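Below is a structure I'd like to ask you about.
All chains are identified by letter, namely A, B, C and D, in their written order; residue positions are counted from 1 within each chain.
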Amino acid sequence: MAGNSFGQLFKLTTAGESHGPALVGILDGVPPGIELTEDDFVFDMDRRKPGTNRFTTQRQEDDRVRILSGVFEGKTTGTSLTLLVENTDQRSKDYSDIADKYRPGHADYTYDKKYGFRDYRGGGRSSARETAIRVAAGVVAKKILQQMFGTQIHAFVSQIGNIQADYDLENLDISFINSNDFFTTNAQAVEQFDALLREIKKEHDSIGAKVTVVATNVPVGLGEPVFERLDADIAHALMGINAAKGVEIGAGFASVAQKGSEHRDLMNREGFVSNNAGGILGGISTAQPIVAHVAFKPTSSIQLPGMTINRQGEEVEISTRGRHDPCVGIRAVPIVEAMLALVLVDHLMRDYAQNHLLPKQKI
Amino acid sequence: MAGNSFGQLFKLTTAGESHGPALVGILDGVPPGIELTEDDFVFDMDRRKPGTNRFTTQRQEDDRVRILSGVFEGKTTGTSLTLLVENTDQRSKDYSDIADKYRPGHADYTYDKKYGFRDYRGGGRSSARETAIRVAAGVVAKKILQQMFGTQIHAFVSQIGNIQADYDLENLDISFINSNDFFTTNAQAVEQFDALLREIKKEHDSIGAKVTVVATNVPVGLGEPVFERLDADIAHALMGINAAKGVEIGAGFASVAQKGSEHRDLMNREGFVSNNAGGILGGISTAQPIVAHVAFKPTSSIQLPGMTINRQGEEVEISTRGRHDPCVGIRAVPIVEAMLALVLVDHLMRDYAQNHLLPKQKI
Amino acid sequence: MAGNSFGQLFKLTTAGESHGPALVGILDGVPPGIELTEDDFVFDMDRRKPGTNRFTTQRQEDDRVRILSGVFEGKTTGTSLTLLVENTDQRSKDYSDIADKYRPGHADYTYDKKYGFRDYRGGGRSSARETAIRVAAGVVAKKILQQMFGTQIHAFVSQIGNIQADYDLENLDISFINSNDFFTTNAQAVEQFDALLREIKKEHDSIGAKVTVVATNVPVGLGEPVFERLDADIAHALMGINAAKGVEIGAGFASVAQKGSEHRDLMNREGFVSNNAGGILGGISTAQPIVAHVAFKPTSSIQLPGMTINRQGEEVEISTRGRHDPCVGIRAVPIVEAMLALVLVDHLMRDYAQNHLLPKQKI
Amino acid sequence: MAGNSFGQLFKLTTAGESHGPALVGILDGVPPGIELTEDDFVFDMDRRKPGTNRFTTQRQEDDRVRILSGVFEGKTTGTSLTLLVENTDQRSKDYSDIADKYRPGHADYTYDKKYGFRDYRGGGRSSARETAIRVAAGVVAKKILQQMFGTQIHAFVSQIGNIQADYDLENLDISFINSNDFFTTNAQAVEQFDALLREIKKEHDSIGAKVTVVATNVPVGLGEPVFERLDADIAHALMGINAAKGVEIGAGFASVAQKGSEHRDLMNREGFVSNNAGGILGGISTAQPIVAHVAFKPTSSIQLPGMTINRQGEEVEISTRGRHDPCVGIRAVPIVEAMLALVLVDHLMRDYAQNHLLPKQKI
């Protein structure tokens, strides 16, 4: 199937390039009767927005979400919802010299080979600008989850370079996370990340990051064996974010060095006593918090010159000027939340359709 | 959509429980004219088969694949292909005492909560027995890839516990890998893994593993932005294997600590000079080798007793007897290959449909 | 997507050729807890079975449905259900002389052109033999509908050639319909159809038929605008049956000559006062009976010789011997019921997923 | 899956209500390199546009299509294409008195029952206004077909009320069809339809119509057995148009009264000698012209008063004022073409993906 749709029952279809007139998303399958206004999008769009702190792109976009359909008298109608974000700060001239050169680490080369030519302005469709619509759709998904089960989804930056932020998943200070420049968990991490990023900027270089996300009050039973397991679909959602290179559920790669007696989460009458599973067993949610981690590579657009080729196959040097984050992982925080929320609503609907039609029969 | 199908144009649909009469797979979208016999499946089925070495389950299955449709006079006809594997060694009695108890680390609890009751014999549908059909389908996918582009897919065990196997992706000794007990890369690793596994067995415990997979001669241009990127779909495929807890593409989680100048793969006229990307940029294959890693948790079924609850919510102790691998990751090797192969063929078809209808226009 | 699956949440995937070892269906998305045994299939399989009366194919098949997965202790488990029907009466020799000639009105020519070669034995995958699995799956769908809403689906032959059977949709004698040779509504029609068919047989010719289907106690609200409207999906389901050439909903083609004041179904406090809509408005069920009609072309396999070409493009004469129905529409009755039932269950799940998650808010 | 998408590889997703700010369509899977400008849409949008002749709605819309993404330097890029049509003539006040009453023959009742409330202005999402985007997408589909195979798709009004227009499918005068008020085939039909419609208007009533569509130069081999047959998917596409009540392929319902010796299309070395099949055998295109007919019911919105109920279940009288076509079938002509074109491109891609990867092997 064509690749610009996400989800099956709660389905987001997107379009729009970095330097076109607008980004558009159609969200289909929204339950009717959800209160929704354009103001609901501001908080998350602001977290993703470039120019919010010193370490993210200085491009200025208003990123106001407009609702073009699917809402009547302040409530969703059950028909397809259109979300539109205009591109107001395009400055195409910044990108003119890369029309012909393949920027290392970018999709320039692969888009050209796949499609035969490309909109080279700012990456066109491959630009992370596209994620603005994902964040907008995530707002709707989070509202539904919150309204139905009190489900909360929060992401934060847990590592930049070799510096890890301490955190306790059961005691996250969400308002601290959402108000510091790095969307991280504590003041010490803020300080260390700040020092590291200053250095990276001075070197005209960039650095990778890890984002951790946790969802609480997730209902038991989400996930469709054997191929559309919840963990598989979360991996798909998170690895599909620009710059993602790895995804872990629960203990993740640490499981490789664990023994079975260590990893397995025992149960007592109050529930699970640990959460190495990250809230998912056999591909189905356990009702424990869902925990995932995503590795983001360092920004590919850096001023340090590097060797590449042009469309003619000739070797050329390139150094990206423009305005770019030294650490793309930071702005990924609301995108990670959005993608997890979209997966959860879709799975909620799928489970509901099959397993709640008839009263469950216990044998 | 219901969860027992994988892929869109090259689509595998499966059914069958651990202790039912048979496992069944229908593979739809197979190009016509591919030579295919039941003997083609033997090599891969044997690698997945329990009882192949001392460290995998001692359950004896013939695991002969029967073709029930889709092949005529030795060639695929383009119509849906049925693969059937009988369950010949079921021994239901081994599992009778777990009808009521939720085995820690297993899907017993989640299946019960999701569906209301479950086939408890050997895990039923949640058993890794199901992966036999995935391996069979992977054989067909690998034949197509090999025939069209000479694409080769090879997986191996790169780590067990804290022991890492050395390897050089450009010089893998495939016949060594496929003939040692651990499907690993070198004699030293075999020896170390053997010693570790003996100890783990003695402790009646189990251990995790990492499997690495590499695909060479992959055509450029596979992957459908922005949601069905090749990396996203590979993550979905590999995280969807039983016991998987993490997936990395290329540099994976190591990217977090990399600088942009380190991570980005520069190009010269001969191509890319490194492969931190793992063969995928912007979600599209670059024609470099695709490299991925999968973390497998330790086997949950161990003889060491542990606390759990039963269906009535009472605390009970459990210790799994039966025949179980101390390290499930080892048998996952052909499954990882199969899942990657299924993704690649599906994406090949998707790219072909959109981008090869018309001659590409270079501008 | 590959074409051998039907439905989205309640999804049937099929495989198998006329003269292969077996037909197979995997039904995914079955709600758990439905009582199901192999005996449940006998009644409908018998109605579809060749050799049941003098005017249907004399090929003898037992057509016993075997359940290979998805049922445990007599109830569905929510995991994928495998249905298998063996081909026990294949007699390949009957078909040997058509290996090279394209039978007029058959799919021989198009399969050859599409796939490059074909299983020519009895039509291979294009044979109506394939519909046996559809009927089996329809049995499961009808059980679910009956259990949830008391929904009943009944089809009958309403016309053969120019002879129309009288009927009153509100007073169908279902047991009469299901026990006469033509699955039609009254004794006079039986007599007339019998006389017509005797004549047609004598001429070694065949004749078309119309099948009418009605579903009662259908819940209001099924259908997903704007493309997966219930009427559109029913048209897809019924036109997809072998030999179908037309589908009508409610007044159908008679609407062309109706005035708006005639066609529109007025309402009073007891509901609709007529049913030109056939139970569907705006693509959504109204809770009135759903009424549809399907036109089936005359059997293409007749003994009257006709001109065709062979694979070499040479003109040749052909006359089909074998055992063939002079009127394929008769055996289509349970297939029409099955396809409608599959559509209704799928739409029930889809509506449920989106619109029953939250309590409906009346404004 | 949510219902606002059409097609699998060439996929249209739509949104927008009759009286919202705009209609939006995202067309995904468009091959790269197709020349496309906003002017390309004018001809078809004008044919669908209300107010074009005396017998269609007098609502004035400019219906200019804007391209918001997917085109760069005048050519499609292979990324998702956004089409937007603003609603410029909404006049909500016309509809204020129907907020509470269910208009007979409309979707008011079913939308209310399905979703719990609705955008009542002009039918909201259920309005035929939505088809503007289908027509726009059809323009792109027709360009692709024309460019690849010279495929031409033309629809016309073949019947209104009891008056049938004569036509010869092999000698249609397309420019006459597209320039007369009824999109019909000859001057006599124009005259008769005109007289009939004048009378119907005088009676404040409406009348049904039949639209016939023919596609020439369709490649052989399109259609995916056994469920996504080309005829089944065409039936889905055409029955999914607002007000459609019946679909025929080729001989359609006339097949019921045909004998096999009459219906089957014999072949000689120049091809088929007749076309009762309507260009499709076994669900696969034969390369003959594809011929289909669609029955459209009479407009439901008429001034003649009728009985209905309101949201409170009370009986009330209703008479629709507003501006409405007395015969909706007339404006359906470009919609029927668009839907057929969308189906053909999608099937072209599907066939290409599976059957053109490898050179076909003749045996």
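Note that in this section contacts are C-beta pairs under 8 Å (C-beta built on N, C-alpha and C of every residue); 3 or more make two chains touch, one makes a residue touch a chain.
Given the structure is predicted, the values throughout are model-derived calculations rather than measurements.
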If you tally the C-beta contacts, which comes out ahead, A-C or C-D? C-D
Which integer distance in Å separates the CA centroid of chain B from that of chain C? 38
In angstrom, rounded to a whole number, how far apart do the mean CA points of chain C and chain D lie? 26
In angstrom, rounded to a whole number, how far apart do the mean CA points of chain A and chain C lie? 45
What parts of chain B, by residue number, touch at least two of the other chains? 1-5, 8-9, 14, 29, 32-33, 75, 78-79, 114-117, 125, 225, 350, 354-355, 360-361, 363
Viewed as a graph of touching chains, is the assembly arranged as a line, ring, star, complete set, or other? complete
Seen from chain A, its contact residues with chain B in the complex are 1-6, 8, 14, 102, 104-107, 109-111, 113-117, 125-126, 130, 159-162, 200, 203, 205-210, 220-221, 223-229, 231-240, 242, 244-269, 273, 276-278, 281-287, 295-302, 304, 306-309, 313-315, 326, 329, 350-351, 354-355, 360-363
In the complex, the residues of chain B that touch chain C are 1-5, 8-11, 13-17, 20-24, 26, 28-29, 32-33, 68-70, 72, 75, 77-82, 84, 114-119, 124-125
Please name which positions on chain A make contact with chain C in the complex. 1, 8-9, 29-34, 73, 75, 78-79, 144, 147-148, 225, 348-350, 352-358, 360-361, 363
